[in-house]
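Heads up, there are several structures right after this.
The following pair of complexes shares a single chain, chain A, combined with chain B in the former and chain C in the latter.
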Partner chain A sequence: MATATLVEEQRATDKTALITGSEAIAVACKLADVDVITAYPIRPYDTVMQYICKLVANGEMDCEYIVAEGEHSQFEIVKHACACGARVFCGSSGVGWMYAMEALTVTPALRIPMVAMVGNRALDDPGAFGVEHNDALTVRDLGWQLVWVDSAQEALDTALIAYRVSEDRRIFLPCAISCDGAFLTHSQALVKIPSQEKVNQFLPRYNRADLQLHPDNPITVAPQGNEDWVMEIRRQNYAAMERVSLVLKEAYADFDRIFGRSYGNPFFEEYETEDADIVLMGMGTLSTPVRVGIRKMRTEGKKVGFVRMRWFRPFAAADLAESLGRFKAVGVIDRDYSFGSPYMSGVLTTEVRSAMYSAPGPKPPVLGFIAGLGGREVTVPDVEKVAGAVYQAAEGKSQPLTQWIGLRE
Partner chain B sequence: MATYIQVDPTQKLEPFKSVKKLPLEEYFTSGHRTCQGCESALVMKMMVKAAGPRSIILGSTGCMYVANTTYYSTSWVVPWMHTQLGSSGSAALGTSAALKVLMRKGKIKNEPINVIAFCGDGGGADMGVGAISATLTHAEYNSLILMYDNESYANTDIQLSGSTPWGANTTFSSPGKVKRIMHRRWKKNMAGMMAAGHPECKYVATICMSYGLHGMNAIRKALAIGGPTFIHSLDPCPKGWDYDPYLSHEMGELAVNSGVWPLYEVENQVLRLTGRTEQIAAGKIRRVPVRDYLLKQGRFAHFTNDDIDYFQDKVDEMWDKWLIPGVIPFRKDVEADPPALN
Partner chain C sequence: MGRLYAIEVIYRGIFQKTLATRITRSIVLAAHEEGKQGISFGRYGDSPERNGIPAKGFAIVGDDQKTLEEGMAKYEPKDVDVTIAVDDTLCKGVESWAWYGLQPVNKLLKPGGTLLVTSRQQPEAILQMAHRKETPYDLAIVKGTVSFSGLWVYKDDHTDVRILGAIAKILPGLFSLKSVQKIIVDQWNDPVKAESAARAYERISSVTVQPGQGNPEVPYKFNLPKWHEMGEGIAIPSIPAGTTMEDPATHATGGFRPDRNPTFKKYTTRTMRPVVNFDTCIKCTLCWLQCPDSCFDVTPEGLYDANMQACCGCGVCEAVCPVKECVTMVNETEFEDNASQWEAWRKDKAGYEAWLADKIKSRPERSHGFRYRGQYEEQIPEMLQVAREK
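Entry: the complex of A and B
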């Protein structure tokens, strides 16, 4: 069978390495032959730039590697490089990402296909190095594609997919790849590193085409629009984001064909859901304790499943609502907060409820849980506690719509 | 000595010999909506005429973006891109880095292309000073950052910036019944700071387009010399300075001739006073009293004689006591405090 041959061939040509999530993205940058990269220190994302520095110093990568004087400049420099036709990479964490906020705002508006890594980190104050998702989530309304990965392999693969989709002329939108601080940025795992030939086959060269800033193409980029034109321009970005789903599916299908690794549904991953009564939901490395907890609960006869949201923007609302309609109740675990939001729930919970509201099918109750803030570990007993509350809701018993888990009493 | 910095070749841009020898081609043309008598618009026109067609221009937010560049009626013949208020340095750096790597990898034709990023005094001397400073340390990237200084946030409603002269009436420093002088900071010395603080930067200059040929040749030198460079242009602004638009040219001359705006260049670390400033320093012409300059502008209309004297004293100090007149405010000796005004 052709597929089997491909997988065998893949096993023969791919190298396997024990690397962290950050290093996996650095390797992806090398394989993607990125042209301009800007660095600025902040934990935990900065490890990716340390690896890139070594790749450049060792002659394994040819790019302009620029250490900026702040995150605002860091993102502005690559934004402008990308406007001239350079493939770019950048990244940040926590308040560093917030410091770059103005640049992050204009990047999708300018249709710049920048790929950035967010090493998710709690926002100050008080200072905390650990993971929270509020940093990356701040750009959710602006036209950034947002994806959360949960393993070093997925980080590498998703970076290649992100370049392919973002740089597609139908899209030209930036993409932020979120990696949970410490749990993924600093944790090593065995990663299959694809061959350069396969990457070249998967990822075409970035072609800025009609939007390239060059004396041979003397365009004026982003003149004042005002009420005359801004609404039409916003609508173009809307249309581009609307097209992402289609282009993403194409890219994942090609990824599977070329690299022999399938991610199934690109938008969210389901675990033990086939016969599940209730499901838990979450993003990023939360999947580790949740999967372990589910395996434990299954031995006790509790049919619990897990849906890991991978792509947050675009948000696969219809697909998700259809899938969640199969269960008796849903518990969404947010590693973020949204003070004053509807029912004081986290961001993901609010989005899931919003997706369910207009769905044609059944609408099970959706409970929100806030856990693991500031990098606090989400434990297996925490997961069991969440499942217990969701079971109560499934049985029609009243439950608070938002609960904090693992909080010191 | 080993070479650590790889600077790409630049365009050969010889100085223009006279106004009559200027090229006829314009690269900044109709379509803009700047005020009558706007000197900054003239700076744009001269800047890109000096640079020529193989140029990329980056414009940070300010008058020369908002009033200059309108959707469907751009005045730019060369490629132009907006950058954020504090991003002129980063825009120059990113554009130059992209050209360098794309040419090295053979992805675009290898040729010298001018990269110019401009900013106003708000975008440059206030918000963008950090990014400009950083770019001036990246010696391997060719670019020019031009700060057009009309001495206020003139597009947003004439608010004071770090580059607004002492005492000026702006919408954020309007005089009242109790406090006459609401703006008590002295103008930031941007060009001197850039020259003194960035030893790898090969060219820094001050210009005023009342002396057009001088200004254009400074721009050509800045682009041809290689690496990152900085030019600070003083631009009279009829709206912000409050004078009749027909006086713009004369106002620039007065700024230079009163010694308020010294013209100089620092080329490969060699400092030269230039134009009328050189003649003043050599004693060939006398400085015009600042009174003649200040009283022509409505923004100083609330000044008393004491205020004018204070302003004159500060300018005299700059000429007589600074280690390098008008450039670097270091003095030879520590002086006692002057007697208090009564």
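Entry: the complex of A and C
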């Protein structure tokens, strides 16, 4: 068989590979034909930059690959490249993400559809490599789309969806894909890699149109504005974020049509909820021990379900509240903290309670659980302990609104 | 509810920033001597670090804390008892930033309020500049050379205390001369300044301005776009490069006039403006090259015409021009319009020559900042002398 035909066949065929979540994101960058990538090492995000580096070195990927002198420059460079019309990729972890904060703040305000990967990592101090979600959550109010994935396959697919949605002219907002450090970034799993043809069909070229910085389109970006302008500018971002839900649903429907893989409700995934008395909630890879725990508890006759939040921004409050109203009690497991917040709960718990408050339907009690900080495992017994407390609440028995799980005490 | 007083000070960025603050602070302190409550603040949206840009400071005073709070509910007062223009050229209007439009100096005055101006001009000259207002108000002039100083220094020529003395007369309910003299001595420990306040108190007089009086020009203004009418991404299309100019006499075209920001004109940013002798210009390009605001249009024959839409009156052109009296800075009060000098010259050279000679007589006594060490010390006695003249 002629080499050209072989290459064509490869391009047209899905393959299966044993790769990590980081590698899956790198492969998505290759398939999306990203133009400019900036990197600065910090664990666990650095795995993705290594994999992209390898793709470039092997001649499999053609892009500008720039190693910046720090995260702030790293994010600034792609911000500017993206303003010039380049498809970009960037990422970081923990305090590296925080060091880029100024750049992260201005990116949504300028309507830059940057796609970034956050390898979730505990914020210093103490210096720790393990997962916590507080790093990515720091941008939750700024206009970033935030999504948590729980498998390498979902990481790859979500990266393609993120480009499609972010670069939609109706949106033009950045998107951060959160991957739990170690559990996802460093664990290899079997991943279906779609063909280039299918990706091309799914993902149009990035067209910045009238907002493109180019000598032929002279514009000033980010001038000083006083109180006569800021509120209108914020309102525009509000409108863009409001439109994400619609564009996201379109993208997931198209994804299913082209790749033949359906994610159901894009915003959150339900597991064993049809007949459930109580449900647990969480984001990211803690879904595995929770699902296993649920299967175990179901053998004991306990009808427990699980709702995994995928998209945190935008937050599908009405849908979620309607769904949660079916249960007797809800237990939210946060892999983050929010010291001094209402009832001292984690961020997700607080958001879920807020979503429930204005819901027209029933409002079951919502308990918050802080678990798995700094990369500590959330174990099946932990999950059973959480479910036990939620059952107590379902039966009307008093329970602390925030509980720490898996803590030495 | 007690009585509420609102006073604004319109001043020029950098040169009068400290002066304005001293006035608004002292108003609050003097009123507090009499048991009143007050606040003093600069309008936060201003950028008083821009040369000559019109900016505002306010003093709000109430008979008691509750009354004061009524006045603090709106950050920028919507009407004031007294508007103080510490530079008479500000009477041409206020253009503080893009899209602000040209706002008349007396815009916020309540019916019967007072416009207090520091000037060596007569009321008639002030009313040629200040726009007409629908309700009558009083015009009072604190006679004196307009007080300008630099970014880091303050020129203590008693303008502050003379204005304070005048306010004691204009608004006797706000504070007495005695109270203001006390806080002057408390703050600056200078009995001579307290005397200056008393002298201004005795001499200040005002005339009533009727609705028909004043500059008939209709000030330009803008409607700010709604949020969904604005472009996204905080991106502003550039201003087109520019066009050629047309000779009004021959209709020949050539040269270059850059297009300028249509929403931010600098008509009122100047305290002085350059006038150009086109007959002696050697076309050396220095004014055009050095102007920080690119205000010079290039005429078809290669002369340079200062465009008043863009000129901030800094005087760099005069300083760099190598030809004697080819570019001369003239007091802004001498001009009634912003028309092109070059066009006037092209239409009537003899007439322009006479006009130019007349204008050059009014070289400004003011200076932006100081040019040599000790300049203020030399100027202050003369300024105090002017202040003492009847």
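Throughout what follows, the second predicted complex is superposed on the first by the 397 of 409 C-alpha atoms of A that agree within 3 Å, B and C clash if a C-alpha of one lies under 4 Å from a C-alpha of the other, contacts with A are read in each partner's own complex, and residues count from 1 in each chain.
The working rule: contacts are C-beta pairs under 8 Å (C-beta built on N, C-alpha and C of every residue); 3 or more make two chains touch, one makes a residue touch a chain.
Predicted model, so just to flag it, every value in this text is computed and none were measured.
Colleague: Based on the superposed arrangement, let me know which partner A:211 touches: chain B (first), chain C (second), both, or neither?
Modeller: In the superposition, A:211 contacts chain C only.
Colleague: Contact-wise, after the overlay, does A:292 reach chain B, chain C, both or neither (first, second, both, neither)?
Modeller: neither
Colleague: Regarding the shared-chain residue A:236, is it in contact with chain B (first), chain C (second), both, or neither?
Modeller: It touches chain C, and chain B stays clear.
Colleague: State whether A:109 touches chain B only (first), chain C only (second), both chains, or neither.
Modeller: After superposing on A, A:109 lies in contact with chain C but is clear of chain B.
Colleague: Once chain A of both complexes is superposed, is A:227 in touch with chain B (first), chain C (second), both, or neither?
Modeller: In the superposition, A:227 contacts chain C only.
Colleague: Check the residue A:172 against both partner chains and state whether it touches chain B (first), chain C (second), both, or neither.
Modeller: Second partner only.
Colleague: Considering only touches as defined above, state whether A:81 meets chain B (first), chain C (second), both or neither.
Modeller: A:81 contacts chain B only, not chain C.
Colleague: Between chain B and chain C, whom does A:73 touch in the aligned arrangement: first, second, both, or neither?
Modeller: Only chain B; A:73 stays clear of chain C.
Colleague: Comparing chain C with chain B, which touches more residues belonging to chain A?
Modeller: In the superposed model, B touches more residues of chain A.
Colleague: Overlap of the chain B and chain C footprints on chain A, residue-wise?
Modeller: 218-223, 225-226, 228-229
Colleague: Flag every residue of chain C that touches chain A in the complex, lowest number first.
Modeller: 45, 97, 99, 224-228, 230-238
Colleague: Spell out the part of chain B that touches chain A in their complex, as residue ranges.
Modeller: 53-56, 58, 65-66, 69-72, 74, 76-84, 86-87, 89-91, 93-95, 97-102, 104-105, 107-108, 113, 130-131, 133-134, 138
Colleague: Spell out the part of chain A that touches chain B in their complex, as residue ranges.
Modeller: Result: residues 35-36, 62-64, 66, 68-70, 72-73, 76-86, 102-103, 106, 205, 213-215, 217-226, 228-229 of chain A touch chain B.
Colleague: Please output the residues of chain A touching chain C within their complex, sorted ascending.
Modeller: 109-111, 172, 210-211, 218-223, 225-229, 231-233, 235-236, 239-240
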